[in-house]
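What follows is a single structure, and I will ask about it in a moment.
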Amino acid sequence: MARFLVRSVISTIVTMLLVSIALFGLIEVGSGDITVKILGIESTAEQRASYRAQLGLDQSAALRYIGWLVGNDWLVRGRVGHKLVTVKNPQTGEDQWWADVDGQLTRWRMRSGELYALLRQENGSSVEVLANDGWQLDPETGTEFFWGVNDNNSAVKWVRGAGERVWVRTSAGFRQQGDGPQQYIPLRKGILRGDPGLALQTGRPVAVTLIPRIRNTAVLAGVAFIVVMPLALVLGILAGVNEGKPLDRVISVGGLAATATPEFVTGIFLILVLGIWLKEIWPGSPFKAVALFTSPDAIFRDPTLLLLPVLTLTAVELGYVARMTRASMVEVMDSAYIRTAIIKGMPYRRVVLRHAIRNALMAPITIIMLHVNWLVGGVVVVEVIFGYPGLGKYIYDSAIFGDFNAIEAAAMVTVFIAVVTRLIGDLAYTLLNPRLRYT
Amino acid sequence: MFVKDYMTRHPIMVAPEMRATEAQKIMSENKIRHLPVVGEGKRLVGLVTRQRLALKPDAMASLNVWEITRFLANMSVRQVMLAAKQVHTIGPDNTVERAARLMAEQKVSCLPVLDGDGVVVGILSEVDLLRAIQDMLGMTAEGVRVTMQMPDEKGQFARLATTLAEHGWGIMGIGSYPAPRRAGYYQIVVKIPQVTVEQVREVLSQIPGQEMVDIRTVV
Amino acid sequence: MAAATSSPRTEQLSRLQRWGKTVRIIFESRVATVGLMMVLFWFLLGFISLVWTPYRPNFSDFEQNLRPNSTNWLGTDHLGRDILSRLMAGTQVILLKTRLPGDFPILGGKAIPGGVALWGVFGSLTLGSVLGLNAGYRSGWWDQIIMQLLDALIAFPQIVLYLVVIAALGQGDLVVILAITVTGAPGVARLVRSLTLDIKTRDYIRAAETRGESVWFIMFREILPNIRGPLLVDSMLRVGYAIFAIGTLGFLGIGLPPPDPDWGNMVNDARRNIFFNQWAVIPPSLAIATLVIGLNLFADGLREEINRYQK
Amino acid sequence: MKSEESVGPPVLKVENLAVAYKVRGGEVEAVQDVSFEIHRGQSLGIVGESGCGKSTVAWSIVNFLGANGYVKRGSIKFQGQELVGKTGEALRRLRGDQIAMVYQDPMQALNPSMRLGDQLREVLTVHRGLSKKEAERRCIEMLERVYMPDAAAVMKRYPHQISGGQQQRVVIAMALLNNPALVIMDEPTTALDVTVEAAVLDLVAELRRDFDTAIMFISHNLGVVARVCNHVGVMYAGEMVERARVGDLYANPQHPYTQGLMRCVPKLGSDKVSSILYPIRGRVPPPDNRPAGCIYGPRCDYAQDRCQHEHPALRPISGVGNWARCHFAEEIDAAAWTPPEEIPIPTIDQPQSDNQPIMQINELSKYYEVRGDSLRDVFGLSQPRYVKAVERVSFTVPKGKTLGIVGESGCGKSTLIKTIIGLEDSSSGEAQFMGFDITGAIQQRDTQLIRELQMVFQNPDSTMNPSYTVGQQIGRPMERFNTVPKNQIRSEVIKLLEAMRLGSNYYDRLPRQLSGGEKQRVGIARALASQPDLVLCDEPVSALDVSVQAAILNLLLEVQQQFGTTLIFIAHDLSVVRFFSDYVAVMYLGQMMEIGPAEAIYAPPYHPYTEALLSAVPIPDPKARQKRIRLEGAVPSAMNPPTGCRFNTRCPRRHLLPDPDICLTEPPWRDVGPDHQIFCHHTVETLSSFDPVIAETV
């Protein structure tokens, strides 16, 4: 069993790693020029190139993958020559990168060809001092350059006297600036250290938006799960022990219809029937055809917003789980040991409850756990239908925009959920099955 | 000689819900006179005998033929059986003699055999007791059967046994009982295999103080 | 045991008779028959739409948001297009034709027969079978590596994978086929692997091995023909899933590209318009649901019947 | 104490029973017109080949015929009460309390996810309402009664944690817990090894006497039935064709089918000629197409016109105690029977060969590496451990002869031939075949060498690829090895088919159209197609019914004579290899224990293990006197086998040695006769002093 566990965990880790590479690679290969989306179609090639450099997209894919996965501060450190640390911005709560120059947190800025150091004070403000003594000589080209951290959380390389013209995105719009660096390496801690980077669409850290979204989705899926599971297992068992009888037919065919109907069709029908038609007869009905999620916390203020999304998910999942359970139950009820129990003269209830159910539930539990990523898929659609501010909607919006940082982060979360639930499923199976437990 | 060795194991048993007519049929088809009635787990709840199934004349008189049939058809075994607490029973580890005494004293012709939990493990009927006698007297194989009469004194049986032993004869069955018509005497029946009547007569008639009542070859 | 005494039971069945037997099996099961009817209905409608639709499916020839009426049996959509015509034409991309992109070699810009769902399932069957056979038959490291890769693929929630693929590669029939192939392959591979693991223990595989047959011969000539049945039933279900997925993608606005009507997209358009025309949402929703349910019923009924037949 | 012929009412009385299954388009009568009685303390054996309906009879008694089966006619009376039509609570109360059942496959019959204790206890708690504690006590008592070692601990285990023989003991204990009047045993020992089977059969016989239980014992094995039953019913194609006391049936079978069966059962007879098998021609008719008259008519050597239209009744045969379903039973004299023309009887004399060895195996071993469960193992840090499946086996096979390899499951015989044929590579040792080295796996072998070594497999249902026709499958080796020009393949295949006594019309058939025996013939044809010099047969008949088995064995003999093929023949059953092999090797736990000419193996001196095996073989003759030697304990794990002689932990003769500890050292190979060697510490004199296991039949 230890062997099995260790294998599962190792396999899970490898899976996650493979997935992350695949995800990164896929987006690398496919995504068009994201800067077009950010800067708009009217932007010039020069503007885009400059912005690409600022996003660090001119680095090699491998470097960016490593930066994305485990961060790049430790790689850049050698160039800057100082330890790089993050400090929370007291106003926004977002991380800021600083170089730790002998205990003094420092950033640099170039203005009119002069290099200034920004020394962070206790209160969060910074003091600017001239730092031209930091220039280093490149023996090959004979130029002087400096590696430092700029005020936009990137490690940058300035070249003295080059006076690069760069396009900077500011709150006032996109404008050209002089004294720009020659090279940018946006600093990040990497997803493993809890930093999924900045959303390209908003420029804010992905994590800030993602966490309430995950919570909302967890609520939605959790409620659906709590509704579905007991109901589906009971229905499945009922159908299984009544194999071939009318009850079984109703449950089986009903379950099949519910499973085979896409979520969006179910959702739309529910909106149509409960949200519109029912409203005409019963104006006070709690079902809302259009739910306005005014804030990420809307569902906590008005739980009725959850009704239709949960119902939709339930309709889809119920059939699936019930059918799995039924199939497993039918198989078990047909087995030799159930025959033994019956011929031992055990009452039928006892046969079903003591002998059959435990064995019959073993298979569905793993399959249900495997099925969680299907559920996540369903959640995406349901969230889009109802405009529910959850993880699925977030992925969808990001995918439409092409915000790869956001997609990568959100997709990793879904994959993580899938992988962990599968691990749990495997574990549950092992625990339920004495044959595995004792070998 | 224990009850468990002579009882009939796995006797035919019926459930109390069974129709009386059905029970009657089972008894006649299988030529048996007693049916233990058992509930869940073969626990005794009663006993049906042939007499129990016969209608009491006074009940019969007031009914016509159709009514009798209907009356019988609607009776369940539970209604006609002798309830368990009225039934005399015995345990499998009791002796056969004890069972015989119980049957003789209580004038019953059979005893359901119950284990500690009240589960019917067998039934002991008169026939089974007769079989015990048979076995005791070695009546299932060929041999010479001698009946000796001797005074009720110590050492008399030893004398007989010694005499047999001296001739290297075995005993395949033995029984002793007070002589029927002579107080103070006992009769002993011995069955000896692989000898002739003459040999036995010659030897046993020599025993002093004992009298040979009967001798014959039996199968 | 002379050969001449063989009973008539073992006489060779003609190919036709065998086919007849297969078809009979389908009709033995009510479930399968109903399913088949539902599927055939849509195929039929699709074929008709190739030559005739009541009106032009892609032109705003009518008033907008009409309820069902005698001219437009199912009403019109928010752009004034006839819904029935669009519904009929919508079967084409799913079941009957695949539009190749302009830069595709030789056939560029043309449409080839076989809908996106069918090609997608074909793709996942091919890929999945190759992977599953190798994993199952060779076992050991092959198995470990292949299964690990598949696990990674399965770990993606399908929709997320679609979204990522489409975000990465853009819209297009071939992209959807690729997405269906990639998402379907792990399932096929797992099925093929488990079937292979079973077949692998049979003595005829030992016999082939003791003849020194090559691994590929054993996988494709000895094993593959014997897993056809379950694979066929499974692919029926997969076509259902593929249609399901295409609908969902269409609904999300990232499915098959215009101009051909796409059911999922029709539902999405109608949904936005639901307060003006509640009727437009129903036909395409029902179309997807019945087609998928039909395939599921067919596959289910068939599987049950085959199981019973084998008993 | 009581006579065999028990008086009083029967426990079970089955009269004119017919059971039908509804199938698509009608129904099939699986059982027709079966009648018998079982009295208390009796055991009735029901024998018959597969598909004859014997299990159906059992299921109909407990009324468990599934959704589509029902009793069509007849009655089943249990303790005087009609069981047919009994349902619900009344039926449930009978089941497990008064009627219990023991099944063929104990692993399947026990619930895998419940502790054995829970499964045993509930029989008492549900039927008797006993407290858990009291039930526990009685279950342990009963387990001890069936000689289950460490009974209290077994209660806490799960089914997969105990061996197959022990599982069967648990099932038997479970059946007896409520002291039922009737126990139905459906092939209870079929899944067990022969030595385990012998112990279980002993137990069954003993329990029957002690509990006075009526036993219905279903088996396909005439030997097993002879050992435990006092009455026997023979079933054929859904009917009971003969019923008699066990002695009468075996000594004096009345029905031609019973006689035929007796002639095709391999016996452990003294000499080779007496063990010739005579198969029954034809095959069992399918249930939906039974002949109108006597169902055995088409296969019967004595059939006359009357048999074709008049269905015989099961009737007492005058002069003997048997009941038989035959019009002419009185006139048939089994002793005067001669094999009819169309049955091929192999000639026993083998062509003289020069005893040139074709294969030489020397100290061949095969180890498998196993991974443990501990964390160290997962990371590959611990010492690798090995299953020593075959340990230093040596033998030679002369050209044109047959070597039989015998042993129970797990003895390494299958691994040995897998290694020889190259499905596995060997771990150490030498192996040569016609001068080629064959220690490597098949990938390293020359095509020519592969062609010369072919194999016949065990399971007829999986020996042929269901997707290809007979012709394609036999033709494939010819095509692959180019033994036959492409355009002649078809005619060559047909030639082979004819040699297998299958006609050319089999060429285009698919495997599902063939019976088990036919499939096995095709399997043999396929092995012969490449004209190999040596064919390995892996239990080619163990999955077949006796009558078919006899035909296949005869065919193999014939093939050997015709093609001069050398055979290596694996079997778990000593009687099957008896007349078939020239040499026999006995294996135990990876080691070879004894090897020698076939006649020598079956008579002293024996290896103690051979002796135990012989003593366990069920002999289809109730009068045969067999020495009773039962092995204690279970076969040790091959991962950690006993040192020295691997049989030392269970050897019943070990105590005869002056110093039993010598068994912990490797025994010597003792020459006890020409070509006859025994791997044992006992001296030849001691080994020769053992009595023969089987006394001649009286």
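Order as written gives the chain letters A, B, C and D; numbering starts at 1 within each chain.
Quick note on the criterion: contacts are C-beta pairs under 8 Å (C-beta built on N, C-alpha and C of every residue); 3 or more make two chains touch, one makes a residue touch a chain.
Bear in mind the structure is a predicted one, so any value in this text is a computation, not a measurement.
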item	value
Chain located farthest away, centre of subunit C as origin (C-alpha)	B
Subunit A and subunit D, separation of their C-alpha mean positions in angstrom	60
Centre-of-Cα separation between subunit B and subunit A, whole angstrom	87
Interchain centroid distance [CA atoms averaged], subunit B/subunit C, Å	81
Centre distance in Å when subunit C and subunit D are each reduced to the mean of their C-alpha atoms	48
Contact pairs between chains, per stated definition	A-C, A-D, B-D, C-D
Touch list for subunit A against partner subunit D, complex	1-3, 6-7, 244, 335-337, 339-347, 350, 354-355, 358-359, 362, 432-435, 438-439
Complex contacts: residues of subunit D adjacent to subunit B	1, 8-9, 11, 40-41, 79-81, 90, 93, 97-98, 127-130, 178-181, 211-214
Sites on subunit D touched by subunit A in the complex	62, 64, 67, 92-97, 100-101, 103, 105, 108-114, 122-123, 126-127, 158, 160-161, 171, 174, 371-375, 377-378
Interface residues, subunit C side, partner subunit A - complex	31, 148-149, 151-160, 163-170, 240, 244, 247-248, 251-254, 264, 267-268, 270-271, 274-275, 278, 281-282, 285-286, 288-289, 292-293, 295-297, 300
Residue ranges of subunit C in contact with subunit D within the complex	1-7, 9-10, 12, 28, 201-204, 206-207, 209-213, 222, 225-226, 228
